[in-house]
Every structure is written in structure tokens, then in C-alpha cells.
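Structures are listed in the sections that come next.
You will see two complexes here that share subunit A, one where it goes with subunit B and one where it goes with subunit C.
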Partner chain A sequence: MEFDVNIIVTTFPLYLRGLGTTLQLVAIALACGMLLALPLGVIRAMEYPWLGRMVGAYTYFFRSTPMLVQLLMVYYGFGQFKWLQAQWDAENRFWLLFREPYFCACLAFSLNTAAYTAEIIAGAIRNSPVGEIEAAKAMGMSWSLRMRRIILPGAFRRMMQSYSNEVILMLQGSAIASAVTLNDLTGAGRTVYARFYAPFEAFVFTGLMYLLLTFIVLGLFKLAERKWLAHLRPRGA
Partner chain B sequence: MWYDYLGSILEGAWLTLQLSLLSLLCAIVFGLLTASARLAPVAALRWLAAGYTTVIRGIPDIVLMLLVFFGGQMLINDVAYRYDLEPIEFNPFWAGIVTIGFIFGAYFGETFRGAFMAVPRGQLEAGAAFGLSSWQVFSRILVPQMLRFALPGLGNNWLVLLKSTAIVSMIGLTDMTWLADQAGRSTRQPFLFYLIVCVLYMLLTACSGVVLRRVDVRYNAGVVKGEL
Partner chain C sequence: MKKLLGIALLGATLVSGMAQAKDWTLIRVGIEAAYPPFNELTPDKKVVGFDKDMADAICSYLKAKCTFVIQDWDGMIPALMSRRFDTIISSMASTAERKQKIAFTRPYYNTPAFFVIKKGSNLNVDSPAAMKGKRIGVQSATIHQNYVNEFYQKAGAEVTAYQSLDQVYMDLVAGRLDAVLFGSVENDTFLASKDGAGYVMAGKPLLDPKWFGEGAAIAVRKEDGDLRKRLDDAVDALHKNGTYDKIRKKYFAYDIWPKSGS
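Here is the complex of A and B:
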């Protein structure tokens, strides 16, 4: 058995398209997830009695079930409801989106990463130094000003490390998109395997692409840390 | 009716649980080996372990699984053909366990490494001074004391491992996700069955939490915590 590099060379365009899909999915999920997670994380940290508990239930559900099941639930599961089927028959533009695997993957991934990110944000807010909050109050800052200028900037700095883990988990988690017929990077690998019956060439190359992406993400976070966590760098470094 | 499938899904849940527990065992073995290698005095071992943790943690589990499942049988056949042996039939259940164990061994290795380093060196030196062999020092002094530091990380990794067993359904193992998929197709009630799977996963997660807290108390016995 030998490793046939020609297979990878001839199918390279396929991999590039897959790479594009993976990057889009991850970017959309992370952006939407962050938008959703920000208010949810603040609510969770503020410990509003009812609202906080509801957000807690949401994050608990998404963090204690596999993302694959969540994805299948959105794409295949929702079709069970007669009401949704009626909307599809009526060609309602919005509800037809739920038949698009791309939309379903974005939705499931966004909700999933939002749950994890909300907990990360809430944890970072809870760890705000008491002195900073007291100082802000003493300066007469309102709640929103305090949040914007003191608490959130500090929280974002504190959560950098755990958020980088979440981004990498999202990148690798997105590999299940091929379960709903999407041709992402893993989907490209599966196509190449099916076409040439060459598992090593197909999946080793897929793995290397993911490895490269992971290193790029880690490098970007290193740069971000150098900029925003400059005050924590050891002296003389 | 939908409840006719409940028994089969519970059987799937049993398979999921077996798969996760055996993978956990496998991952702990790989993790301990990796952590020991990363702290070994031999540079080659340290490099090997560091390479393993970096590469495995940078590749999605589904890709590694596809590689093992589709590549594994081919490799076995090839080796058998070359050396004129009887080809062994590839068992997807055990292959799944070893693959998941191999993947999570990389994560466990990092957890164990940190925990090993947290045990004071004097403890190990005292063990050696008492004439214990290096295996005795490892099993009686290092492991019981490092577990306290490793447990929070182990608990997190276990929950991630438990959830990632769902992807074995993508390569045809009949775990609860796969069975729910089939039941959903034949009853045309996929949402209901996915929801049942979610509830079962949440149940497993909740039970793990209870067990983990118990174990945590056990291994933190006698540790004095300061009042904040």
C-alpha cells in the first residue's frame, strides 16, 4: 500500500471548496453565537431570579447534549411538526430556511457556541475585582457606563484563554456538518474516499488541513493576547 | 407507536455507556503514559508525547474515526496479505473504543501532567528514601495525591468524551443516536426521538456530576481550605 499524492493534487479544488464552507460555517456560528451570548452572559452574571434561571436552563441543555444530536434535531427533527409542514407547503420564505442544511447547521452551531460562550462571559464578569466596581460606582458611573467601560473590557481580557479553547472546539465540532449533507472539509474528505477508495490519502490530508487551521487560530489568539494582555507579559519580554 | 422503540433506544443508551466507560479507561491509560513520557528524562520520549498531544488535539474526532474505520480494515487486509496471514475481522465497537481512548488520551495526558507536577517532589524523594521501587512510588504516592489536582480536569474531559460518543453513529455503530435516527425515520417522529436521546444524555451528565462530586470529596479528604 502506498500513499498516492496524485489523488490529493487532482482533488485539491474539492478540498478548497470544503475549506471555504468550513470557514464560513465557523465564522457565522462564532459571530452569531457571540451576539447572542453577550446579553445572555450578562443576565446570567447579574443573577436575575427568573431570567437567570431560564438562561441557565438554555446553557444546561446545550452544554450537556452532543452537538451532533442538536444538529440532527434542527435539520431532521423539526420537519415532524404538521404546522411547519403547512408553512413549507405555503412556501413561507422564512420557514423554508429550515429545509436548508446550511441554515440549519449555522443555527445549531450558533446556539451551541452561544451556550458555552455565555457561561464563559458570565464567569469572567463574576470574577471582576470588587475594587474596580466600587471605584466605578464612586465615580458616579451609571450601570450601563460601568458595564461598557469597566466590567466588560476587563471580562473580555480575562476570558481570552477559555474563549480560544471554545473557538477551537467550534472549528473541530463543525466537522459533523457532513451529517446533514454539507460539503465541508470533512465532507470533501468523505467524497474523495468514496471516489478513490483511498482512506489514508483522503482523511490524512483532511486532518492536516484542520491541524493547520488550529495553528492559525492559536497564532491569532497569541497576537490578540500580545495586544490586549500586554500588561500581563513578564517584564523584559 | 413511539414507545415500541423505547426499549431499543435504551439498549442503545447501554451501548453508549459501555463505549464511554471503556473509552475512558483506555484514555486514562494513554493519558498516564503520555504524562509520564512528557516528564521523562529522555528527550525523544518528551518530543513524541508533545507531538501526539498537539496533533491529536488539532484534528476533529470524526476525521480520526473515519481514518481508523475506513483505513483500519484496509491496513489489516494489506498486512495480512503481505505476510500471508489470515485477515482479522475489524470490530467497529473495539475500534471505536480504542480511537476515542486514543483521542482523549491526549487531553487526559495534559491534565495528568499538570497534576503530576503539583505533587511536591519531597513526597517522591521520601518514598525513594524508604526503599520503595519506582512502580510503588508511582502507584502509592504519586497517583493518590495527584488525583486531587486532576479530578476537575478529568471531570470536564469525561463529559466531553461522553458527548463525543454520539459521532460513532456517523460510522454505523448502533448507539442511541443511530437508533433514534432509525426510529425517527420509521415513525416519522424524528424530533421526539432526538429529544429522548437528549434527555438520556442529560441524565448521564447529571449522574456523572453526582459521582464526580463524591469522588472529589473522597480525594480531597483532609485538605484544609482557607476562608475567603
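Here is the complex of A and C:
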């Protein structure tokens, strides 16, 4: 058994395309997820009686079912409805989106990461030091000003560690995109595996690409922490 | 002492495993169990189908004990080569490309491939140029995928590869695909199902051995020439003594035994 580098060299363009798809999917999911999670997290932390419970139900659902199941449900499950198929035949612009595997993956991934991120944000808000809030109130700040200037900036600093975990989990989790015919990084690995019958080369190289991506993500978070968590660093003598 | 005994036991099973592999009284059969009507899984997780019945008949002819290993299609050949099982009896077409890596017995059935399209869609599936911009579905790592990639994708069709057969037909029914390519028997099974009501086979039968091989055959590792010989003899004998036809009639009304020279 030897490692056949030629396989990787000849299929490198395939891997690059896969890498592009993976990066796009993850970036879109994280961006949409964050946009959605921000208001949801605030609602959840503020404990509005009804709204809070609805957000809780949403995060509970998405955090307690596997992302693969969610993806298969959006892609294959919804596609089964005659009503949706009729919309596709009628070329309805909006519903046609659900025909595309790319959109289905973005939707499922966004909703999934939004659920986790909302809980992370809510937790960070709940941990706001009481003193800070009281001080802000004493300064006469309104609720929205307090949120903008005091609570959210503090919450974002506190959540950086756990959010970096979520980003990495999302990156690894996106490997299921090939289940709905998308040629992401894992899809490229599977193709090479099936075409050259070389599982070792195919998956070792795929793994290395994810390793590299994770390394870069962690590096970026390190840089961010250095900038925004500078006050927590041990002071030099 | 316990550890020593454990190592001795492990050694004994390894040796006996090797001994079994040598005289082929135990044959491990790789099967996809997701390719009806040739192989599929019943709701209570039993492998059934034409391939399974053929495998059982072959094993009883060889007086061997057969165990079935279920394996996803795109990993079938790697799994054979890494010795997860000894043979593939799973409707695998014997093609020149695959023969570079593994060996095949004589084919045990051969059916042409056909496109399936929606009734009344009037697609000219025989012409790759006419299929430009159309969405074609195939199963990944199949002869059908190779063929469609070579002629239709290059002519501008949008080709999507799926992990398993049911997903391809499912997306045809959902309206995500305009045409799918499978063997005529798989298509017949789909067309006879509830979902297949509004669909038809279209175009001319596709049989070119360059792309579709010589028919479905049993695959073994290249170094297991003795096993290949035994399986070959078994297939021939079962055809001659009528067992093959008995099994075939259980599934199909027409003969699918490969015609010589095709």
C-alpha cells in the first residue's frame, strides 16, 4: 500500500471546486444564521413570555435533530408535495428555489446554525454583569441604547470562544451537502474515491483540506480575540 | 494468562479465517441492497431480489456458506479490494474500465439502458444537442453516469449524480430532473410503481459494450482466479440445469440471459 500522489494531482481541480462550494455554503450559512440569530437571541434573553417561548421551540427543534435529517427533509421531503411540484411547473420564482440543492443546503444550514447561535447570544446576554446594566440605567440610557452600547458589545466578547466552536462545527457539518448531490469538498473526495477506487488517498486529502480550513478559522478567531479581548490578557511586568 | 489466551484465540481465528478463504467454503458477498428489482432491502432488513437469489443458488451449487455484506454503491470496488468481502453479486456491469482493477465472471444478465422521461414531454433523448440545458439524473459511479457525462454533459446538459437509485427516480417525480438513465429492468420496476404512472421510457435502447459493458457479472479480486473459475462454472451450470430460468421467471416475464457476442 503506497500513497499515490498522482491521483491527487490529477484531481486537484475537482478538489478546488469542492473547496469553493464548501466555503460558499458555510459563509452564506454563517452570515444568514447570524442575521437571524441576533434578534432571536435578544428575544430569548429578554424572556418575553410568548415570543421567547416560540424562539425556544425553534432552537429546541433545530438543536435536537441532526442537521442531515433537516437537510434531507428540506430537499427530498418538501419536494414530495404535489403542491410544491405544481409551483415548480408554474415556474413560480420563489418556490423554484426549493428545487435547487444549493438553496436547500443554504436554508437548512442557516436555520441550523441560527438556532445554535441564538442560544449562544442569549447565554452571553444573560451573563451581562448586573453592575454594567445598572450603571447604564443610571446614566439614563434607553433600552435600545443600552443594548447597542453596553449589552451586545459585552455579549459578543464573551461569546467568541463558543462561537468559534460553532463556526468549526458548521464547517465540518457542511460535509453532508454531498447527500443532496452538491459537489462540496467531501463530494469531491467521494468522486475521487469512486473513480480511482482509492479511498485512502481520496479521504486523507479531503481531511487535510478540512484540517487546513479549521486551522485558518482558529487563527482568525485568535486575531479577533487579541483585538477585542485585549483587556483580558495577562499584563506584562 | 488471560491476555496470552486472548492472543492465542485471536491467532487461531485469523488462521482459520485464512484457511476458510483458501478453500472457499465461506464466501462473503458484497451487495448494494438498493437496486430493485435486482437487490433491495425489505422493511425488516432482509436482502431480497434477483441478485440475492442468484447468489444463494450459486452458493448452494458450490456448497459454500455465503454471508452478505451491504455496501454503498460508490464504495463497492474499494471494499472488494480492501477485502471487506470476496465477491460482488450486485448487478455490476463488466466493463473494460473496471477490469483494470478487478476481475469478472461471464455476465449473468444483460439488459439495455433507456432514458425515462415524463409522458408527453416529447424530449428527443437520443440527441445530446437536443438535451442541452435539460437536467439528467444518474447514479454515481455507474456506466450510466460515464455515458451521460461523456455525451450529454459535454453537449450542455445539466447532469446530477446521486448516491442511490431511489433518489434519482424520486427527483424525477419531484420535477427536479427531466430525464434519468437506468437499465430497462430497473425502469420497468419504477414505471410499474405508483410514482411511475406518468412516465415512459424513451429513445433507442443503449447497449454499446464500450460504454455499457458486456452485461452484469460477478466481480472478484484479480488474485482470486480460483474463486472466479468456480463462480463462472456455477453460473454456467445454473443456466444449463434450468435453475437460472426458474429464478428469472420469479422476477421477469422475458429472458435476460446475455446473448453471446453481444
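Just so it is clear, the second predicted complex is superposed on the first by the 236 of 237 C-alpha atoms of A that agree within 3 Å, B and C clash if a C-alpha of one lies under 4 Å from a C-alpha of the other, contacts with A are read in each partner's own complex, and residues count from 1 in each chain.
By our rule, a residue touches a chain if its C-beta (ideal position, glycine included) is under 8 Å from a C-beta of that chain, and two chains touch if they have at least 3 such contacts.
Just so it is clear, the structure is predicted and the values come from calculations on it, not from any experiment.
Novice: Tell me which partner A:Met34 touches in the superposition: subunit B (first), subunit C (second), both or neither.
Specialist: Neither: A:Met34 stays clear of subunit B and subunit C.
Novice: Have a look and say if subunit B or subunit C is in touch with more residues of subunit A.
Specialist: In the superposed model, B touches more residues of subunit A.
Novice: Examine A:Ala179 and indicate which partner it touches, taking first as subunit B and second as subunit C; both and neither are also allowed.
Specialist: Both: A:Ala179 reaches subunit B and subunit C.
Novice: By the touch definition at the top of the document, which applies to A:Val69: first (subunit B), second (subunit C), both, or neither?
Specialist: A:Val69 sits against subunit B, while subunit C stays out of touch.
Novice: Based on the superposed arrangement, let me know which partner A:Pro199 touches: subunit B (first), subunit C (second), both, or neither?
Specialist: Both subunit B and subunit C are touched by A:Pro199.
Novice: Now for A:Gly207: first (subunit B), second (subunit C), both, or neither, which partner does it touch?
Specialist: first
Novice: Can A:Gly79 be said to touch subunit B (first), subunit C (second), both, or neither?
Specialist: both
Novice: Touching A:Asp89, do we find subunit B (first), subunit C (second), both, or neither?
Specialist: second
Novice: Thinking of the overlay built on chain A, is A:Arg190 touched by subunit B (first), by subunit C (second), by both, or by neither?
Specialist: So A:Arg190 meets both subunit B and subunit C here.
Novice: Check the residue A:Arg99 against both partner chains and state whether it touches subunit B (first), subunit C (second), both, or neither.
Specialist: In the superposition, A:Arg99 touches subunit C alone.
Novice: Which parts of subunit A are touched by subunit B and by subunit C alike?
Specialist: Touching subunit B in the first complex and subunit C in the second, residues 76, 79-80, 179, 190, 193, 199 of subunit A appear in both lists.
Novice: For a test of understanding, state which residues of subunit C touch subunit A in their complex under the given definition.
Specialist: 74-75, 77-78, 81-82, 101, 140-141, 160-163, 167, 170-171, 174-176
Novice: Going by the contact rule set out above, which residues of subunit A touch subunit B in the complex?
Specialist: Those in contact with subunit B are residues 1, 60-61, 64-70, 72-73, 76-81, 171-176, 179, 186, 189-190, 193, 199-200, 203-204, 206-207, 210-211, 214-215.
Novice: In their complex, what parts of subunit B are in touch with subunit A?
Specialist: Residue list for subunit B touching subunit A: 55, 57-64, 66-67, 70-71, 74-75, 78, 159, 163-167, 169-170, 177, 180-181, 184, 188-192, 194-195, 197-198, 201-202, 205-206.
Novice: Mind listing the subunit A positions that touch subunit C in their complex?
Specialist: Residues 76, 79-80, 85, 88-89, 99, 101, 179, 181, 190-191, 193-195, 197-199 of subunit A touch subunit C in their complex.
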